[in-house]
Every structure is written in structure tokens, then in C-alpha cells.
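Below: the structure, in C-alpha cells.
Labels run A, B, C, D and E following the written order; every chain starts at residue 1.
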Amino acid sequence: MNPLLELEAVSKTFTRGGLLSRRTVEAVKSVSFRLEDGKPEIFAVIGESGSGKSTLARMILGMHRPSGGRLRFEGKDVAALTAAERPTFMAKVQPIFQNPFEAFNPLKKLDFYLFMTARRFGGAASQDGAEQASDVALRQVGLTLDEIRGRFPHELSGGQLQRVAIARALVSKPRLILADEPVSMVDASLRMSIVNLFGELRDRLGLSIIYITHDLATAYYIADRLIIMRKGEVVEEGPAREVLTHPKHPYSQQLRAAVLTPDALSPPPQPTI
Amino acid sequence: MISMRTWLAAAAMATALALPGALKVEAQGIPQNIPRKELLILENPEGTIKNAGWFNIWAINAGSQSNGLQQAALDTLWYIDPEKGIDGAWDNSLAAAKPEYNADFTEMRVKLRRGLFWSDGVEFTSADVKATVDIQVKNPNMRFSAVLANNVASVEAPDPETVIFKLKRPNSRFHANFTVRWGAIWILPKHVFEKVEDPAKFDFNKPVSLSAYTLHSFDPDGKWYIWQLREDWQRTSLGRFGKPGPKYLAYVDPGPPDKRVIAQLNNELDVIHDISPEGMFRLARDGKKSRGWFNGFPYGHPDPTLAGVIFNTQNEHLKNRDVRWALTLMIDVKAVVMAAYRGAATISAIAVPPTGIHPEAYHKPMEAWVRDFEIDTGKSKVKPYDPTVAKQITDMLRPSMGDQIPRDEKEIANSFGLGWWKQNPQAATELLERAGYRKQGAQWMTPDGKPFVLRLMVEGDLRPVMTRAGTMIVQQWRQAGIDARIDVAQGTLLTRRAAGDFDSFIGWSVETWGGHQDLSYFMDSWHSAFVAEAGKPQPLRNWQRWTHPELDKIIEDIRKIDFDDPKGVELGKDYVKLVTREMPLIPLMSYNVFTAMDHTYWTGFPTAENPYANPVTNWGNSRYMFVRLKPAN
Amino acid sequence: MITILRDLLRYNGEFRIGFALIAVVAAMAALSFASPYPPNDVYVVAPDAPPSAAHWFGTTSRGQDVFWQLTIAIRNTLGFGLLVALLSRIISILVGLTAGYLGGWADRILMAINDTFIVLPLFPILILFYFVLRDSMSTVLLACIMASLGWAYDARLIRSVAMSLKQREFTDTAIFSGMKTREILLREHLPYVMPIVFSTTLNNMNWSIGLEVTLAVLGFMDINTPTIGGMIYWANQHTAIVAGVWWWIAFPILLVVMTFVGLYLLAVSMNAYIDPRSRLARMGGGRS
Amino acid sequence: MRSYLHYALRRFAQFVLVVFIGINLAYVITHATPIDPVEQSIAAVTSFGNTAPEAIAEMRRSLQELYGLNGGWLEQYSTFWSRVLRADFGPSLSAFPAPVSSLIARALPWTLGLLGFATIVSWLLGNLLGGLAGYYQQNRSLKLLGVLAMALHPVPYYIVALALMIVFGFIWPLLPITGGSAMNLEQGWNLPFIISVAKHSILPALSLILIGVGSWFLGMRSLVSNIVTEDHVVYAEIAGVDPRRILGSYVMRNALAPQVTGLAMSLGGIFNGAVITEKVFGYPGVGTLLVDAVYAGDYGLVLGVTTVSILGVSLGVLLIDLLYPLIDPRVQVTT
Amino acid sequence: MNGAPILTVENLKARFRTKHFGVSREVPAVDDITFSIRRNEIFGLAGESSSGKTTLIKTIAGLVRPPLELVGGRAEFSFLPDAPTLHQASPAAVAKVRWRHLSYIMQASMNVLNPLRRISATFRDFALPHLGGTAGDFERKVTEHLALLRLDPSILDAYPHELSGGMRQRVTIALATICRPDFIIADEPTTALDVIVQKDVLGMIRSIQREMGSSVLFVTHDMAVHAALTDRLGVMYAGCLVEEGATSAVFARPRHPYTRHLIHSLPRIGDDRQRASLAGSPPNLADPPPGCRFHPRCPLAVQRCRQARPAMLEAEPGHRVACHAVEEGRS
């Protein structure tokens, strides 16, 4: 049986500039990992800005073509998908983005995206079917279609919007969800509800989720496995809690040490009362 | 701080705007460093001369011709004035006498004046005349090369005062090439050109002159040329008439008509070559000492050219005489005259300009024939001539123009012409129907069932008056049911006219000496031998490409009689009758040029009362004006 | 749209003035349909009459009523401007959205061409076109030529918006909702571009009308169609200024200046309504 | 330095492209002309006499050679490019046999002078006043200037030039309205000539400046009113940096960068304006030359002027682009 | 410890009033806020997006420009006595204290430096008028100060775009501290930074503050940053201050249900407990709920909470909270 997703020494090189000033940037260097089929998990990709994690995400989504290595989904090379195969692939691999306020066109109603996804990827043949599929997906994130129908993005809070975004991704019944910093723009009081939702989706629906973040604490909280990336390279990988409790690579240790706690800064705070 | 800066800035702006006020008042500018009293300022109608430093008039197209070069500096054998002339219309200039032809007109012998000198002190002799011919024949790219090569077998200068032209075939009009009306083949200085490697690429700067003036200075940007009277003006052909008045002549580009009027109102432009009728009216009203050829209405000088609608007779529709006549009878010439000249035109029903000697030679003698002329439309017989049209025009003008409109019939005939073809929609309809055209609603359809589309080519603002006349005619044709349109040619005119790429054109193909009754000046080229096939280029004149066996006969007959032979007039009348019947062009009026002369600094300009010369500044014979001008007090 | 119009009218002084000016101009153009005189005919009234009760703006030396001649002229001129604006909008939207969305080589090539068109001196090229086409140069043809020359600046503007739209996450959402590129461009991005399209339409009209007037005045136009430039052309032919027929020049100039200022004010105030920084984006759009 | 070189090379490549596209456009358009320069010359020559058909045929042959019209399309095209590179546009038809390049060389200084002066003055004045107006938004006289600029700047060059000519030439005749200098002055570095040139250039320059100042004013004002809300300006303000320093080094200086870009971009438009203005005022520059060449149907000259104007404008743009990093150091790193 | 406050905020009220094409909106972004900041302490201000914290510091800093309006109250600095707020002080007086006594480290540090000016020029513009001295003196002072912050003097020759985000933020800190001001306002200075850089920058702020003995008003939404950096903490919710106290005390025993939730929902490495989320969403400031603004989401809400706004009361010395439940002892 093929793994759900398999990366074999995937790398990506960007060329910048025109004819006269060509420069290359290696955004991702030889990254390998695999997600097994039938073993749903939350797989965290941890890295700071410029670590290549977003490029990696876009390659997994099929929006960038790897410059080297193999990237297979269900055994098929994603770069080699034909135009006819792409919709099927896209239905199975869905993204969730960083900023819920940006994820929907402010001029469009939210249900438009739900119905569109249901029609194009969810197999809904009619408006009724699309509505039903949307409602099912919305219920999975704790909302209903009646709450969302006819509403514009600005009428909802960030947390609600991110739920709708997740619901939209669920409409196509995906096997893999790729969440790129999904909570960094969500208010603190609502953040955990989204994070917890990922756990539920994994457990209830058997989805695999690639959770991309720079926040070690939430990764520790929700992820099963993780990789830590730095300048396009994976520096450490393993079970999330183990790696974060006992990081081995110096960079991982540095990251770990940078997590702020009340006594993180030296010299230690003076007593003030 | 804030407002300080603001006010400073505002003050700066105000200063910038007020700056003109601080300068000395000077509207257009006159040539600097020359006493105004010794200076005559004339318009160079060629405008700004691109190749300003080029004076080789014998090369193609190069610099300016009317910048004073042909008026003040060059000379040739004879002149015919379109008006009366100082000493008769015909003037022997470099030649001492009229040309002498042998019996079969294959040899022309010319006797030259002696004692004339080029401005560099070299004496003018028959060798210069011979060189003028030989150099141009040898260089096919030169301007008159083809004409001379085509006619001249050889030229001999047996002695300094004799030139003998041996012609290739009989031509009683060969001397016309050396006779100035507007221009002619000018005599070139042999001693200058024989030293030049390629005479077609020689700029002749500074020019050596043979006439009374020599170049003083010129603008490298081509806006002005100043000529100075030669110390030895007496050693030129003009010396016979006494000392020219102006010591300096400035030929300038004063800009578009508006600016010309302003310049003359400011006494900064003594002679305007041509302006719009409205501009002339303004000058007559506000320029205290400005006047035209006529002191009052219609002001303009009638050129010996016949403005008319010229049909391309190779055009499918216009091949048919009935169509041409129908188009003629759709025109109300009064409206055309009003549109073009605001009434200030001399109309002509026949294809000879109503100017110079021609009214006496042709219009008046033929008036009776024209009145009786009859056309048969197939359904009816019509006498289309209306002898009262000129009078009707004066009646129309009198309410607004008042007493300056003459009442005396002779004066009316002099200024406004005689009669014209009466607008006759009924006859036009009958003629078109006979030609197979049908009217569908208000629209005429051609025999093959398409709308009758007819374009009238105009020159746009290069010749505004003609454009205005054309616009009016198109409107009348449209009202009569033809899909007529204006077609602006401007710069492409020469090519399109030559290529026959037009339906009809408003302008002239009939030009005459004016001062002489001979019509061969234009008619010779109307011979069918010169007419090209449709689509092929064709020499100028006779763009109507109209051929007629009777016409060929008339032309051939003229070639065999002497220039002054009275039989020429009879043949001319035959031509008029033929053209009237066939209507290859609709005669309209003389081309009136609104030459405005400011008498503030100079007096003695040629006028209708004292018609010793054509005042138009670009004509070679305007040199006769210089000797008659006197400083005003 | 109507509420936008109402709000602008109520709260924006520039828009009010612009709207009033354009309303007058448009009313003039509309009146042309009620003109008692055929627009192309000359000598239908007594020439050179100064403004009076019978002829509000006087008559021309060609015997035309200036007022009624103006109505048809401004109609043709506005129509011409509108036609150029509409045609060039199509090109600029097409190029701008495509270049901005596709990026990469397509963008680079399109923008290189685009920048060329921005920099090229168009007037000599337009004159060249006239030089070649001569009397086949009709108003519609000129409109097409000008449209194909006058899209570049606005295409760049649209491209910069499209580029930022492409970066926005909702575009990715649309992709993963199964929308096709064409659908994304037309349904997701076009609405964001429309405000720019509107205000550039007005500016483009100003540009094209200005050039048309200039070409016509110089005689480089079809003189069979009455336009504002054509009126000035004929006035110059009759030396109206020195002949004292000032009304023949003054009223067309007045009306066309009203048009320019009006259109400009409308564009400016719409810009302000849409995005106060749009001009900054436009000016800086070239180099960021 | 290396990055500047890259930047400069990119700009140069764009310059080459502009010139290539522009000149090809001009070539294609001109060579589609129905005007046959040979026939036109023949027509002009034969208008003076009775010319036999044989003589005309002879003339046609020699003229064709003279105008370089022999050979196929490709041959003519390559001849054309090799001529452009040598700044040789052949002889002018309407001033035959003067070479087109010499006519342009004569007209060019006039245009460059007028255009350069008017552009620099209007750019400086417009930006200065516009910057002030954007910074001191409540100032009344600056507001008034804003209204003036708004009313003036959308008006086409022709109309402004015509209006100026009517006012200062006819109604209140203070200034020369035609030509580049007074008559009978020797062209050169002598005082009377220079004064005369200056006097003749006032109205044409003013008509260019009036419009130019308006558009730079409005552009700068809106730029500045945006920039004053930018973080670095607000930061400097709350830091109590001298207001004059803020206006100069933080606001105007930063707004200048897009205005320089704007200058490069609108150079073509300004040139258009100069062409028209020259025609109205009979100024002896390339604009007048171009319009007259069209009237005369002189295709070599029309092509030459168009080519030179494309080259000139692109060169001006290139120059501004190359100087641009002095204004904005950021451009070198952004690609 | 000097107990006299350097900043006293009392009943401060400010609102946004916008009028855009006829639609008037009034947003009471700062609603009756009272607190004070002492010498030599870092006071943290926490709150989610649009809780009014940025508006509060703008009002305190005197950056009151339309559409922001000062409605009432006091925000008085000890170095500028007699002026109830900076906004109401005379421009000359304000000019005197700016940068010398009061400086800023702003959010979006990418844009606060003039992109067209070298860092050295910015230093000159900002500090030279206050520090005075010859150019050489000034240069030495700047270099010394940079050394204190362990910054290389070569950055002075750089343009902002040539520096990394972290380096730029360090430069702004150096810029804000070069005049050794009494009071520094820092608005989300580390939000855009990577965690490792963030830690360094925070450490830098801490050390320079300790070194100079200045007071810092530090605003961020990130509770972890507060925990690590600040001495005292104020928590804002929907335009109101809901809790204020020593940071350690607040973290040890948060009193307000909202604060409690914020702190308890933070995941921690090594702590595997399940974290809950709060129901509902933050209110729209333009139309806040009556009574306690937190009541729609509060698990402890009773009828009184829906009607009356709770007052800020001292729950224990130096620890104030605005909550009926705390007041009533239900919490």
C-alpha cells in the first residue's frame, strides 16, 4: 500500500531576476518524510520565516513544482499529474490559510465558496446537494449552514471565519489538510478552539493534517510528529513531544530556548511588589 | 514661516506671469538693424523653408523659390505680366527682342541685351543661356532637364548676344519656357556652375544674382530672407525702369493667416500674399493704410487661373457628359461664391479665367453664344445660362456691404463677372435619368443599383478658400440626393492628382498668361498624347484626363501658328465651345488672391486702378513693383 | 452604484462641480438630437452674427448656429472619447489582469511591451498614422488606433492591483474551491479592478479627447464629422480670431475645457471615494 | 556597484526595447503609406512644363535609385536600419536633396531647449508648490493654487497655447507669437540673439509650464498628503524632529522618488505637448518640422522626426532612470 | 523603589469619530481607563486585536488626530506637570519633552525608518537637537550607545532596507533610548519578529531599561511576552481595562475571568493538559454590549453583569480587577 504522502529529497530552487541578473535561491533543500495511509496524524512543520516551510506547503499543494526529488500523493507523482487528474488531487489535498479575514473575498458571500467546492470537488450535482454537503461540513466544525448562509466575511469573527475555512476544506472530503499557520492571526481567546478542532478532525474523520507553524507550544500541544526546518533543510524530526522536550540539534535547542516563559529573559526579573 | 513661504511662492508665480509686462512691447518683430524706411517686408507664402541655405533653383524641389530668389535675384529672357505691365504685358528682359522662329517653328533665335552683369561682376552673355540648357540636359535630375531634353536638339551661341535654339520638332510656343508668368527656366551663371562637380547637389549659397538685388542675410531656420539692392543695379535688366525704391527686401514667414493680419495691422508686414476673405475684411476695416487689389469689395486680385470642379473623366460615372452636366446644374454658384469668398469672386461660366485680357478676348465676345447655348436632356431642351448671376450676387451683398458694392453694370462685370449656369434640379434629374440613374427616395442610385457616391477632393487648410467652396458644392450635391463627401488631400495632392486617384477635385487645371490671349500655356498638355491609362501617373494639367478628337485638332492647329496670330483667339473660342458642351470641368470663378498691401511705409503698389503688375508676392514679375515703389512720407 | 452617486453628490464638493459640468456638457450633447439644422450643412443661417436671442452663441462665418453646431460637435467628441476609453479598457484589463495574475515570463514580456507604450511619444505616431491613412482616417478608426496606443498606463495600474490580489489568500481559496483561472480573473479579481477602471475611463477620455481636438485642429482628421476640434479648425480657416468672430472659438473652447475639468474632477473624486492612496500606488506602481 | 550595474543594464535593455518597438512601428506605418515619393517628385517637376512620357520614365528610374526604394521589402528594411544606426534618413523630399538628418539637427536644439527648460521649470515649481500644498493642507493660497492647477492641467496643450496666443499676441500684444528669434540677428552666443530667443520662448514655454506645473502640483500634493501619514513621518514627528527637516528630508524627498519616475513616464506626453506648442507658435523645432512634413507629404522627414523623437524620449527616460538610484537607493536591490 | 508614578492615567476616554460619505461612526475605543506607571518599571498592556490598546497609547502619547478625539480624563506625565494630557500641553512644552523624556518604539518597525535616509542621518535628525554638542561628540555618543546595545557602528552607514527586520528593530530601540528618556512607549515592537530574534530584542529592551532606569509602557497581545518581560500588567478588553497588577501576581492568580482564560488557554511545552477555548467573539467596539463588556462570553455572568459596568476595584494590594463576580466573591 502506498503511503498517503511521500516526499523524497524534495527541493525547490527559485530563479530571480531577468536575463541579466540571474540569481538562484534554494528555498527547500532535500526534504524527505512520509505520512502513512490509514494512520491519521497531525504532522507539524516548524520553522521561522525564510525556513522554506511555506514553499514546502505550496509544493505539497501542487502549486509549485519541485526542482528536485519526488513528491508523491497516494503513490502518484504530484508534479506529473495531468490536467484531468488535478481536480481529484485538489479535492483530496486542501489548504487552510493563515489569515481568516483574507481567506474569503470580502465582496462575496461565504456560502459561495462552500457551494463552489461542493459542486466542483465534493461531487454535489445540484444546489440541494451542495447545500447539504456544506451543512455537513459546517456541522463538523461546530457551525450550521443556517448560521452562515448569505453572510459576508466581515460579519464574522476571526475564529468563526477560520472554522468556515476549515469547513470549506472539508466539503471536498479531503484526505490531507495542509494548514499554514492557521492560528497565528486568530485572537488568543479563540485560538485553542481551532487547534482543538484539528485534533477532533484527526480523531473523528481520520484526516491527516500538516500543521505548519513557528509556534512550538501549539505544535507540542497538538502534533503527533514534527520536523524542524532551517534555511530549507530539515534539522530534526521525530515525535513531537519527544523532540520538543529534548531537542537534539543545536538549532532546535535554540528555538526551544527562545520560547518565552516568565523567567526566560536574563537577568531574571526583579520582584516588583 | 508657513505663510512666508507661501507668499514667496505666490510672488514668484506672479512675477513669472507679470514678466511679459515688464518687457518692451513688441508684437511680431521686424528685421533688426535695418532702417524700416528702406525696407519692404513681404510674405513668403512657402512659409518656413526647411532647407533654408539652398538657392539652386535648377535642382528639384530644394529650397525656397519665392523667398525673393526668383522675384529679386534671377532673370530670364522674357516676362508676360498677367496685368497690363509697366510697358505693356510683354517685356523683353534679358532678351533684346521677341523670339524669332523660322518658318516651320524648328528654330528659335534670341537676341540678348548687352551690358548686363552678374552681381559678382562677371558679364552676362549668350554663354550663360547656352549653359543653362546644356547643364540641365546633361543632368537628368535637374528641374528643367526633361523639358529641355524633350524639345532642344542643340543650342548655339555664335556670339555673346545671340542664342540659337535648334528644336527637335516644330513648336511655336517654345519661348514660353523662358517666359515668366509665375516662374520660368531661369538663366544660371555659367562661371559658377561650370566649376561645380554635380550641379544637382550644389546649394548655390550664396547666390550670384542677375537681377537688381543680392542676398543680404537669411535665417538658417528658414523664416526670413533679406535682399539688398545692388550697387550696380543699373547693370541689370531692371535698370531700364529706374532705381528700385526699397534698398532692402525681406521675405518672411509671418505664420498662419491670423498672425499675418496682426502683423500688417502692426505695420510689420507690407505685403501679405494671401489671407482669408474675413482677414481681408478686417484689414480693410482696421488697417488704416491697408488695401487689396480693388480698393473696396471684392478686394482680391484675380489670378489668371480658373477655379473649378475638375472631374476625373476616367471615373466610371464621370465619363458620361450627362452626369457631368447634371452635377453642374445642381450647383447654385451664388452660394458657392458666398461660401468661398463671401461674395468676393469673379465668376466665369466658360473654361477661361475671367481675368487679365480674357474678358475682352473671350467672355464678352462669347456672351451671346453662351446665352443661346442649349442642352437636350432627352425630355426637354434647356437654355441653362443665367446672365444675371453676377448682378444677383451684388444684390445679395449690398445689404451687408453697402456702397462699396458697385451698381454700374460694367463695373459689376469687371469685378464679379457676368452670368453662370442656373441651378436647375429638373434638368439635372432628367440628365441623370437619361444616363441610367434612378432616384430611390432622396438618394440617387447608379445604373448598377448602388448609391451614387462622389468624393470631392480638397486641399484642406493649404487652400482654405477652395476647401470652403468644395464644402458648399458637396452640400448642394448631397441635398440633390448624391452621397457626396469631402476628401482632404493636403500633402498628397500632387501624387493623387497625378495618379488620377480622385473622383473630382476643386482647384484649377486652366491657367493662362493673363496678359496674353494665348491659351496654349495650359492647353498644349491637354493633347490626348499625354493622357495616361487609368491608374497610371499623368503629367500635371489635364488631370481630368479628358480627351476629345476635336480638342487634339485645336491644339495641333495652335502649335502651327504664331504666338500673336489673331487666329489663336478663334481656336480658343472653339475650345470654349467644346468644353461647354462636354463639361469636363465645371468652371466656377477666377482664383482671387487676397494680397493686402500696407501703404504706411511704401506707396505705388499695383492696384486695379494702376494695374502695372500682379501684386502677388511669389510671382516672378512682382519685381516690377520694386521699381515703382516710393517711400511714403 | 446609485447610492455611491448619491453619496458622492452629497458629500464631495469636487464631485459636485465635476458632475454639474459634465451634466451641462451631456445635456448639450443630448440637445443635438433636437437640432433644427442639419449638422453638416453650411449657410443655413446668416453668417457672423454675434450672440443674440435668436442665436445664443452667435453664428459662424460658415452660416452655422454655434450653439446647435456645438451640440453635435460635443456629442461626437464625447462619443469618440467614450469609444476610445471603452476599447482601451478592454486591452488594459486583459493585459493588466493577465500579467498580474500569471506573473513570471508572461508578466515580464507584457510589461516590457507595456512600458514601451508608456514611454513612446504617441503624437508623432498618431501623426504617422494619419500620414498613412489620410482620408481613410475616420473617427472610428482613429478611436481604434488611439485605444491600441492608450492602454499601457492603466494596464500597469490594473496589474499592480492584480498582483496584490494574487497574493491574497482568497485567491488560493478560490483555486482550491475549484474555480478556473478565467473564473478567478473575472469573478474574483475584476470587481476589485472595476473602481480603477471607472476612474481611468474618465482620465482616458480626457486624454483621447485632448488628442482628438489637437489632431482635428491641425487638420489631421476627418472634417466631414463635426467635432469640437473640427469647429476650431474651421474657425481658424476663417481667421475667426482676427475677424472678430470670437464666439466661434470661445464657446467651443469653453465647452471643451468644461468637459476636461469635469471629467477630471469626477475621476479625482471617484478615486478619493475608492482609495485615497490610489495615486500613490499608481505613481509608485512602476518601481516597487 | 554590482547591483547598480544590473539595474543600469536592465534599464538599458528596456531602452533598447522601446527604441526597437517604436522605430519598427514607425517604419511599418510609414512604409504602408500610399504616398509614392518618386511620383510626388515627378508631379512637382512636371508641373512647370510639357513633359514627354519618355522623359518622365527616365526621371522615375533615377529618382527611385535616389530614394533607396529599390529591392524587396527585406532589402529596404535592412537598408533602413543600417541608415537609422548611422542617423541617415536619406534626403528630404520637400527639401530635396538636403538630408533629413541635417534638417532635424537644425531643429533639434530649439526643441531640446524649449522642452528642457519648460520641463525642468514646471517639474521643480510644481513639485515645490505641490509639496507645500500637501504638507500645509489648510493654507488658503495653496488651496487656491490647487484649484487653479486642477482647472488647468486637464486642458490639452493646444487649447492653452491658443488661449495664450490670443491673449498675449492679439488682445494684449506683448510678446512675439511666432518664430524662435527676431529677424536679421546672427545666430550664436551674442547677447541680442540670446535675449531675442528668450523673449520668443516665453509664450511657448509658458503654455507648457502652465499645464506641467498643474499636473506635477497635483501629483506631488496627493503624494505628500499620503506620505505625511506614513509611519516614518509620524515617527519623526512624534520624535520632535524639526518640521522643516521633516518637510524636506522626510516628506518631499520621499515623494520625489515617484515624481522622478513620473517624469520618466510622462516624458513622451510632454514631448507631444511640445510638438503641438511649437506648431501653434511657429517655433522652429522638430514639432513644426514634423507637422509641416506631413503637410508636404515628405515621408523621409516624417519618419526621421518620428524616429528621432522616439530615440530622444527614450534616451531622456534612460537618463532619468540611470540617475534614479541617487534619489532612491532601494531600486538597486529590488529586481 | 520610587513609588511616585511617572504617568498617571485617570478616567481617560477617547473615541474615533469618522464621517465617510455620510456614514457617521463613533467608536469609544478607550473607555474610562485609570492606571499609573511608576519609575523604573516595565508596564505591560495586554489585549486582543481591537481591544483599544493602541488607541490608549496614542492618546497617552498625545497623537490625537482626527478621527481620534480625546473625550476626557487625564494622562499626566510627571516631567510635564500641569498638562492633563500631552495633547493639551503647549507645542513648545511638548517639543521640549519629546525624545528627551518621552520616546517611542513603534509597531511596524519596517516602516518607521525613513527608507531614503541612512541610519546615521536619522540618528542626527532625532537626537542631535536634544544631545547637542559638536558633530564629533555626537558621533561618539551614538557609537557608545550602540556599543551598549551591542550593535556594530557600521550600521550607521546603512539604509534601512539593507538591514534585517530584527536589526531594524534594534536600531529603533537604540534610537528611542539614545537620549536616555524617562519614559518609553513600545507598541508591539516584536510582533513581526522570529522567536529567536524576539527573545534577543526583548532581552535588549530589558537590559537597557534596567541600565537607564526608565519606565516602559509595553504593549503586546502576546501573553508569553508579558510573562517574560513586564513588571506589571494591565489587561484590556473591548476598550476597558479589566485587570491590573504585578505580572507575576496576575499570572499566578488571574482574577478576571477573561484574564484567567487567556492565561490558562496558553499551551506550554511540557504541560499536556487539554486547553479549552472561550465561547463567542470579542464585541464590536462600535456597538459594545451593555454592562460588563465581557458578559456575553463570561461563564460567571449574572443579571447584574448585563446591566452595570463593574468598577475597577483592588482585589488585593496592587492588584485591581473590574468584575462583579470578583467583587461579590463568586470568583
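Heads up, the rule we're going with is that a contact is a pair of C-beta atoms (placed from the backbone, for glycine too) under 8 Å apart; a residue touches a chain by one contact, two chains touch by 3 or more.
Just so you know, these numbers come straight off a predicted model, no measurement behind them.
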Farthest chain relative to subunit A (centres taken as mean CA coordinates): B
From subunit C, the most remote chain by mean C-alpha position: E
Whole-Å gap separating subunit C and subunit E, where each centre is the average of the chain's CA atoms: 51
Interchain centroid distance [CA atoms averaged], subunit B/subunit E, Å: 91
Geometric centre distance via CA averages, subunit D-subunit B, whole Å: 38
Intercentroid distance (Cα basis), subunit C paired with subunit B, Å: 43
Junction residues of subunit A, two or more chains touched: 18
Residue numbers of subunit E (touch at least two other chains): none
Subunit D residues counted as touching two or more neighbouring chains: 34-35, 170, 257, 294, 297, 328
Touching residues (chain side subunit D, partner subunit B) in the complex: 34-36, 39-56, 58-59, 62-63, 66, 92-98, 103, 106-107, 110, 125, 128-129, 132, 136, 139, 141-142, 145, 168-170, 173-180, 182-187, 192, 196, 199-200, 202, 206, 244, 282, 284, 288-289, 292, 294-298, 301
Interface residues, subunit C side, partner subunit A - complex: 108, 168-170, 172-179, 188, 191-192
In the complex with subunit C, residue positions of subunit A that touch it: 18, 61, 63, 87, 90-91, 94-95, 97-99, 102-108, 113, 116-117, 119-121, 165, 168-169, 172
Subunit A contact footprint on subunit E (complex, rising order): 1, 41, 48-49, 194-196, 198-199, 202-203, 206-207, 210, 221-225, 227-229, 231-232, 246-249, 251, 258, 261-262, 265-270, 272, 274-278, 281-282, 297, 317-318
Residues on subunit D engaged by subunit E in the complex (per definition of touch): 230-232, 234-236, 238-242, 245, 249-250, 253-254, 257, 327-330, 333
